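Here is the structure we will look at, set down as structure tokens.
As written, the chains take the letters A, B, C and D, and residue 1 is the first residue of each chain.
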Amino acid sequence: MNEEKKSGSGKALGMVFFLLGFIGALVLGWVVFPNLLYSQKAQPINFSHVAHQDNDCESCHSFRPDGTYTGIPTLDKCVECHETAQGNTESEKTLVEHYIAKKIEVPWKSYSWQPDNVFFSHAPHKGQGLKCVSCHRDVSKEEKVPLVRENRITGYSISTMKMTECEECHAQKGASNNCEICHK
Amino acid sequence: MSEKGHAQSGVRYGMVIDLDKCTGCGACSVACQAENNISFRPDESMKLRSITWMEIYPMNNGKDYPDYRFSYLPRPCMHCDSDHHSPCTFVCPVNATTRDENNGLVTHIYPRCIGCRYCMVACPYHARDFNWWDPTWPKQMESMLSPEVSTRMRGVVEKCTFCHHRLLKARSKAYVDGADPNKVTYTPACADACPTRAISFGNLMDASSEVGKLSKDPRAFRILEKLGTKPKVYYLSRHDWIKNLADNAIK
Amino acid sequence: MKFGRRAFLQIAAGAVGGTLLTPLPWKLADDSAIWSQNWSWRPSPERGEVTKAPAICTFCEGGCGLQARLVNGNRAILLEGNPANPVNEGGICPLGAAGLQFLYAPYRITQPLKQTKRRGDPSGLQPISWEEAQSELGKKLSTIRSDGKAHTVACITAARQSSMDDLLVQFFAAYGSPNLFKMPSQTDGMKTAAFLTTGSSGPFAFDLENAAYILSFGANLLDGGTAPNRAFAALRRLNKTPGQARIVQVESRCSITASKAGQWVPVNPGTEAALALGIAHLMVTGGAFDSEFVNANVFGFDDWTDAAGKKRQGFKSFITSNAFAPDETAKKTGLDAAKIRDLAKEFASQAKAVAVWGIGQPDNPNNTYHDLAFVALNALKGNLKADGLLSIAPDLPLADLPPGQKDIFAERAVEQKRLDLTKSKCPCPQNGLYGFFDALVSGPQYPIQVLMVHEANPAHSLPETKLVQSALDKVGTLVCFSSFMDETAAQADLILPNHTSLERYDDAKGIPGAPYGYYALGAPILKPLLKTKHTGEVVLALARDMAGSVAASLPWKTYEEYLKFRVDGLAKAQKGAVADKSGVVLATLKAGESPKPNFTDGADLWKKLKAGACWYDAPAGASFTKTASGKFELAVQAVQGKGAAPAEDQMFLPHFRPLMPSGKEAELPLLLVSYATPFIASGYLANPPFMNKLVPDYMLNGQDVFVDINPETAKTLGFARGDLVTLKTSQAETAVRINISPAARPGVVYIPRGLGHKAYDEYIQNKGVNANSLMEVQLDPISGNGTVWATRAQLRRA
Amino acid sequence: MDRALIPDGLKRCPLPVFALWTLILVGVIGWGVMAGAMVLVKALNLTGLNDYFGFGAYITADLAIIALGAGAFFSGFLYYGLSRFFPALKELGKIINLAVVVGFVCYTGALAVLLLEIGQPLRGWFGYWHANVHSMLTEVIFCITCYAIVLVIEYIPLILENRKISEVKSLRVLGHSMHDVMAIFALTGTFLSFFHQGSLGGVAGVLFARPFAFREGLFIWPWTFFLFILSAIASGPAFTALICRSLEKVSGKKLVDRSVYDLIGKIEGGLLGAYMILKIADTAYWAFGLAPRFGFKLGDFYWGPYGIWLLIAEIGICGVLPALILLSPAGRRSNFLLFGAFLLDIIGVSINRFVMTIQAIAAPVMPFDSWQIYVPTVYEWAPILAMLAYCILVISLSYRYLPLFPREKELNRT
């Protein structure tokens, strides 16, 4: 292999090959990889927030007396209205027959599930000029619950808030950013 | 962080353990294990690898029968209040262990810890334990695990947190009740459990509090005060031989 | 090829460059870190609402109030003390704090089992349904009964403070067997002594709460005995002021109690009573005793004449003899005379001084004559006055069970003597268990076809294991009601697993050694986790199926109903009150001055008790109306019983009479004493994993147990710390390691109790040796109680 | 192929012999890598470490090897930096290449072992990302990494000098141009090394609750910072020289002039002497000033296997003695004494690193606490030995295929 006499065309060709690899990598990294990384999981049954608009968020997502937050309601909450079917949607049918009748909790998937090592309490955040939608998606017009996109490596939902976001807001609001404020 | 120079907040959580009341029964240590999801193994007799946040140290007066006397000394994390940094927080390369200058708690965050064990080397009280194995429980006993404390992973350091998750819970309740979250009080599991009421806990800077008073008691002393670690755990004893064992003194 | 390679290199270069400009490498690095923070193989506790549920602690007889933390009402995550309970005031002992590890123990028995092969073969234990199990046992019992052999059915239970105890008594009375035995306890000795001296049926109780000076003769106050809280409170109260000897511990070993006490009086093992009599001698000779009380209420202080008109020596002339003079006492106890004089002076001069013994020891009772010596000391202090520091535990006004109806079978069987009494006679309340074992082993008068064991593990937790085992081997069918696969259950022919105490209704009727009335109720904190059943329910079902008089004697449908019935009686009595919030101080209760009831009827009381409140009442004091003399008897006429009067006068009097352990001193030169430690559960329950962390490595290391010996003893034997040696007693021979400790008395070897389990799981199995297998039991001459104090032993190089 | 790679005009041992030698080394490395993999998979319970000994063999080996690797930066500093003012130092040019190779292997090896030491290797990079500026370890992590990179850059031109590679014009040019700027890298390296050698000392020195290790401040650092630097430069070049000598023995050739050894001897003698004076002063102050303030006698720090002999060995036999030898011309003249002294010097510094790491934590601080003994397991030995094997392998390869020693040809004319 004698490198001494390299033709100009060779150089150009080299450039082409280089770009080939370069652009290929960019596409892989920016387009393909993210889609590979996140799985798409459907909720066990559809839940239409619109259909439940007659009552406000608190009537289903509320605080317990000890300051903890109920998050996604458990079955007994559903039972309050859906002892028997109210309408005739498929998902309500499954709710009544499969879950309520058999007393099985609906295995809802959370969109903003925090890992065990995180302590998050809604209590301090409520009434700090924060609305539900400041952190959660707006469900007021939501007929159909979206798919849950889970990171295949970490298991985090794509909409799980990461620490940097918490830190920023805490910094802005002058709230403590000490580790144990949010970790357990 | 620590640069703020501490104690500005007026809250310094601390503990006082009365060795005249303590019988060394170990209830504090067991309650701590249950409260904090501390893992255990079939054989726990290899003490240098056994995870115990509240360790019961034996000590004796060095005399022979029948003048011999001994005592037990429960040792939680001292949550050292030494200036600027605690021995351990000073050395952690990744800020996994820090001291909250709002309340003096020295905490350790497992997901951040890289397991270099420099903090263990720095701590003269052996208050820090390393997860040499993947923590595992008998299947049935996984039902006993508390959701209020995360289970650890192997390869990280852990230690007594003064049950800071109880503080967080108390604060949440205060927010909901509309009370002042900075005025809440709480007790760690060990103090709650102690059957002889030998352990008291509270704000050391509040002179009217029980710990505020007891820490000024003539019987009060701390371990290794000469090192300037300024522990926030005080001990009480009426026996000189016990006090003498608390700090090195050239005889 | 050359071209190809260069092209490849160029593409690669481009790819590398490009990749670095995408999130890929950085995201992967970050995600792998996050992955390591949430490894799927570490458990992630289910989240949800955390609630509290009241409970009572039945892991020992202390009757502490508990509080369980639950997640979503179905997962118990923590046991705490109940702050509203006046006994433990929110405190909890290590065993209680680890209690959930029994609920979730891997070695729990998940459903009824039947042995289909040789007894003890684990592969032979086959799961059966509850119906099968119950009918199997029911049929057996019915057939035996209809053969008129009801007396060949026996039972051993540990139930003492629980209403299960009365239920079993009722069942056996109706069924027609006298052979119902309790696991031995100090309470047995307390009852014997109380009956002999005061004629009452209840055990002695000590007012630790109001004592200013506690002279403890080897009592286990702080070393992890049963019901420790009152001792803890005393320590708290009396340890305040430096230098003052408010708690004095008389014991051969420097135990925790000895170390924490204001003063430790080291004596030869088993000579505590000798010291007590020595002190009595000085008090009487020095006239430093409550003569007013003695003259008015004590029989047998002066010389007396017995029923046969024979002149008998009284306590006064007996104790004043030189045999009890300080020098003599010094010889026996190993103390110096001066020390004994000081002690006597101190005890005599103290206003509120009480002599205590046996408290907290969950194990076997004492030599009765020695207990009488301690009682005598209190009598001399006048502690048995109405509001004295020594009294009789009050009898709770719980509803009595309906009079058991006896049919022909029951009548016939009950004529049969209880197996242990077929050889000896006993005029007093006593524990016949060891007599029962002896009878079984030495070819019994009649065979035992069925032995039921309820919440007890005799195969491991009773001293002289060898004897117990050979007795169990003699039994026709062994039926176990244990929740756990313990050593006894492992060799059962039929197992009907009980709920653990946190899954069932249970109660605590008073606290051993406590003068005040106490009753607490425990309701299940969650649904039973396994296919288990409350033994009380099983007994009721058995009775129902037998119909006739048996069913009629146990009319309750459920155990809950039975307890409601009992509580109803408590309510009807309109005595005592409930403590539903913290702040109730039992110490201030005066004898006879009951608090005003703060509950209306049975239903109301039940509601309050179920919500975690406990019932309490004032002390009963002591009365001597039932004795032959109508007084407190220092000279115990009851000793005579039905038999012929003893020849020697001292047989009526408290005296020092150690029951000598077997074996030659030449061969077994040392004494072995087993001790309880707060770090190891030594009763029915095996040590929970949490507590294993407390056990120091100089007590247990890997599989090796350490025995404590004095440096001097070690020197003479030429042992160094950690040496592996052979420990030999008349009972067994085993390998142990040496721990050299100045806490040990020269010439004595100390071994911790509660180790050496063979059953259960890897967290418990094969750790150390079972002290009980080395210890020797002597039957007390008066009561026939199995007593344990020391065993001759030898240590030699392995 | 092998022939073609060997620098022309130089003699090297026959390929089979070399192959065998390589094979052995690769074997050892494989063994160590296996052990390392086990540790990564089954976690650190395989080691002899425990809650008492958070640091052990891994750290000790790293500290020692990094100290000895200091020869690279210091020789570089003397040669590229100071030789302008002290022409005598030009002599070092004859050995500077070897120094670079030694430095390279020491640092890269150390980094590899460091990966095993942490419980959560996957999060190792937190050290850069979430750095705590107060932690000496942070300083160590950054400096070592940077300096390792510098060493790679310094090593590349040597590789490019390989006969075969230098046939490629572009690479040859690159090589030469890198040589010209080497001075800059050498000085950058000097700067970085200065810091991390020091911060390694800081690691022990800042443990203010560990009376054995803690030293008081000088400027903004505990003075162990400076003691470590001094001890490193007082032993690094000696290590390089010793390796060079071993190469000579093995290959049976003369690789550098005796004068080079003599010069290094002089330098090391001076530095070691200076270090010893300060170290003794430090020890005295620690024993009679610092420790008593914390309630300790010197005797409290020595027990059982961790006896006072360590102090005597470190300061006396492996400190003062070699210093004296190296300072005396007579001592330097005798090969036995000279290289003996070098060896002692190296051992001494290694002992120092061991003592500051392991004994510092073996000594109980709480009066009712007890001494403990640390025994490393094969899972600690194997990777460490593998690291050494790796060092030897790279040095062997470099010696065989690269013109490390400019004077080799002349010195071995026959």
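One rule holds for everything that comes next: contacts are C-beta pairs under 8 Å (C-beta built on N, C-alpha and C of every residue); 3 or more make two chains touch, one makes a residue touch a chain.
A quick note: this is a predicted structure, and the numbers were derived from the prediction, not measured.
*Asks:* Looking at A-C and C-D, which one has the bigger number of contacting C-beta pairs?
*Replies:* So, comparing the two chain pairs, more contacts are at A-C.
*Asks:* Taking each chain's centre as the mean of its CA atoms, which one is most distant from chain C?
*Replies:* Greatest centre separation from chain C goes to chain D.
*Asks:* Rounded to a whole Å, what is the gap between the Cα centroids of chain A and chain D?
*Replies:* 50
*Asks:* When the centre of a chain is set as the mean of its C-alpha atoms, what distance in Å lies between chain A and chain C?
*Replies:* 56
*Asks:* Would you kindly tell me how far, in whole Å, the mean C-alpha position of chain D lies from that of chain C?
*Replies:* Roughly 65 Å separates the two chain centres.
*Asks:* Once you find the CA centre of chain B and the CA centre of chain C, what distance in Å lies between them?
*Replies:* Taking the average C-alpha coordinate of chain B and of chain C, the gap between them is 33 Å.
*Asks:* For chain A, give me the residues that contact two or more of the other chains.
*Replies:* 66, 68, 115-117
*Asks:* So which bits of chain B are touching at least two other chains?
*Replies:* As it turns out, chain B has residues touching two or more other chains at 46, 50, 58, 95, 110-112, 134, 147-148, 151, 153.
*Asks:* Enumerate the residues of chain D that touch no fewer than two other chains.
*Replies:* Residues 120, 123, 126.
*Asks:* Can you tell me which positions in chain B touch chain A when the two form their complex?
*Replies:* 95-96, 98, 100, 102, 105, 107, 109-112, 147-151, 161, 164-165, 168-169, 171-177, 181
*Asks:* Across the complex, what residues on chain C touch chain B?
*Replies:* Residues 36-37, 39, 41-48, 50, 69, 71, 75-81, 88-94, 96-98, 100-101, 104-106, 108, 222, 224, 228-229, 232, 235-236, 239-240, 242, 254, 256, 259-260, 264, 266, 678-679, 689-697, 700-702, 710-712, 742-746, 761-763 of chain C touch chain B in their complex.
*Asks:* Going by the contact rule set out above, which residues of chain D touch chain C in the complex?
*Replies:* Result: residues 120, 122-123, 125-126 of chain D touch chain C.
*Asks:* Write out the stretch or stretches of chain C touching chain D in their complex.
*Replies:* Those residues of chain C that touch chain D are 29, 32-33, 35-37.
*Asks:* How about chain D: which of its residues touch chain B in the complex?
*Replies:* 43-45, 49-55, 117-120, 123-124, 126-127, 130-132, 134-138, 141, 203, 206-211, 292-297, 300, 360-361, 365-369, 372
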